[in-house]
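Two complexes come next, and they have one chain in common, subunit A, joined by subunit B in the first and subunit C in the second.
Showing the complex of A and B:
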């Protein structure tokens, strides 16, 4: 049963990922990307990472809801009214991405991966919370500084005229 | 479910994202490709953690950091896209060729 769900979600994730670059409207592309992220979130839940799966789904749905506004703002082909190709260098991209897939897929099938060591703790979310608040606190401190810097620099970059411009 | 299946899924997502990032003309669509590649990284990191060393919390923290990186990427990407659009009316990668010089 889990395998069936895994395969269905894997097909959904990859096909909606492909749909991102196939559909003719960039707003639709954004929703296709959201579907792909939701499928990946379900895969995480299948791995018993309930908390991370749910925050992936929630964050990405919100992110795409914001992104669709920017997409409409910068859309190349509004409402599919002016059919145009949004691609360049299609052949080279095909070759490079198919080559990358071949290398990664053979690697993931042929490399003798290490065997599983240890058992997962009973409550994964609790283990994650204790790691964040204990041994891995430095990671989260760094992340908070990065997020703050992101907020400041995104505002600085995107305002049309700052306080010190003339 | 095996580690190999998850890694195959991650490779497929990564390649689709790479194709998009290389082939799209619109700057925001390039960012969609980048997001798909980070998506693949999430799958791979989570699968490695679950199938190789589930007793340590490191893998979960790594996934958390990757999700944060994706958010930061989107915010900065849109900020740069808006900045370059304001500066020179550019919304396609081909028009931003002077960045090369």
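Showing the complex of A and C:
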């Protein structure tokens, strides 16, 4: 049963990922991507990583809801009412994607896979929290400060004037 | 108090219970209308009217996304109900139930926006953008309001949170978190003071275009979100099914109805707040307050933990 759901979600993730480039409406493309991420989140839940899976769904849906605002603001054809190609640099991207696939596929076949050592902890969420809050805490604090500074400076750079200044 | 995990077929009674509470909310709402008791049956009449009403469409709608958007809120309410304990039972004692509840309310960001985007209508789309602005305002306070009981119970499992309240309900320790949670329920349900995205100045905003069965499902979804939010507030802050003399399910039902009545009643007591004003208040007043609340809860939890060990 779990295998069936896992396979169905895998197919859904890939096919909605393809749909992002097939549909010609920005809204549909955005939410096809959201569906793809939700399917990946469900895969994580099936791998007993409930917290990570649900957080993936949470973050990605929120992100897509914000992204769709910008996509519709900036793209020429937000509603898909006029035909428009979602592709550019097709030859280059074919080369890059086929090359990446070839490297990863041969790598996965040639690599000597390690044998499992030990058992996963009983409570994966707690183990994750202890890893983040314990040994990796300094990294998290540093990264969050850098991210926050990046966001604030991006906003400052993009809005030279306030909305109501003339 | 041990927790019973209901079998899988329990989804049907749980879904029916959610709908029953949603209908109760609708009846309470029409009973509170200015014309009073004559409108008690208004819910029945309106349901019958919407069921018979032919579906009216707009030029060039995105029908698929629109249907997803209008049916979505009800689906979200049902998905939330999976982890909400009622009485001594729960459908799933997922070990990260609070995160699940949070992820489901985030789905509303996408779904309400789709409800506004779908009909290809100006007022609906403006309403959808108002909702995203409102969502940016309420989401962080809501996340911290959910964090507080999780910290106090040292668990993300909602049933553990209920069990941790057998000495004292969490509302005593965290009144700010309780209020912020209830306010966020009102906000993500686009209800009452937080109904700016569907306000009359936009001719109904996101709800301007849906007709017939679509409108019925969207309105039912709003009431269901309020109902499940009330039940979750009871589990997180009001001790779940604990109480003297009566069985746990009766206490859960009573407390949920009480909270639901407050949530429904607030609509006719508080004016609609514009999204940008709400944003200012949420980020300059509510967010610092809820952070202080989490700090207090964390200090209390650390003191208790060190005292025990």
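FYI, the second predicted complex is superposed on the first by the 158 of 166 C-alpha atoms of A that agree within 3 Å, B and C clash if a C-alpha of one lies under 4 Å from a C-alpha of the other, contacts with A are read in each partner's own complex, and residues count from 1 in each chain.
The rule is short, and it goes like this: a residue touches a chain if its C-beta (ideal position, glycine included) is under 8 Å from a C-beta of that chain, and two chains touch if they have at least 3 such contacts.
As the structure is a prediction and not an experimental result, all values here were calculated from the model.
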item: First (subunit B), second (subunit C), both or neither touched by A:25; value: second
item: First, second, both or neither for A:113, with subunit B first and subunit C second; value: first
item: Subunit B versus subunit C as contact partner of A:65, first or second or both or neither; value: second
item: Which superposed partner A:55 touches (first subunit B, second subunit C, both, neither); value: both
item: Touching partner for A:34 - first (subunit B), second (subunit C), both, neither; value: second
item: Touched partner set for A:10, first subunit B, second subunit C, both or neither; value: first
item: Broader residue contact with subunit A after superposition on the shared chain, subunit B or subunit C; value: B
item: Subunit C-contacting residues of subunit A that also contact subunit B; value: 55
item: Interface residues, subunit B side, partner subunit A - complex; value: 1, 3-20, 22-29, 32-33, 35-36, 39, 42-43, 46-47, 50-58, 60-61, 63-65, 67-68, 71-72, 74-76, 78-83, 85-86, 91-94
item: Residues on subunit A engaged by subunit B in the complex (per definition of touch); value: 2-3, 6, 10, 13-14, 17-18, 20-21, 26, 29-30, 33, 36-37, 40, 43-44, 46-49, 52, 55-56, 59, 63, 67, 70-71, 74, 76, 86-90, 92-94, 96-98, 100-101, 104-105, 108-109, 113-114, 116-121, 124, 127-128, 130-132, 135-136, 139, 143, 146-147, 150-151, 153-155, 157-158, 160
item: Complex contact set, residues of subunit A against subunit C; value: 25, 27-28, 31, 34, 50-51, 54-55, 57-58, 61-62, 64-66, 68-69, 79-81, 123, 125
item: Residue ranges of subunit C touching subunit A (in the complex, touch as defined); value: 60, 62, 64-65, 94-96, 99-100, 102-103, 106-107, 109-110, 113-114, 117, 120, 129, 132, 135, 139, 156
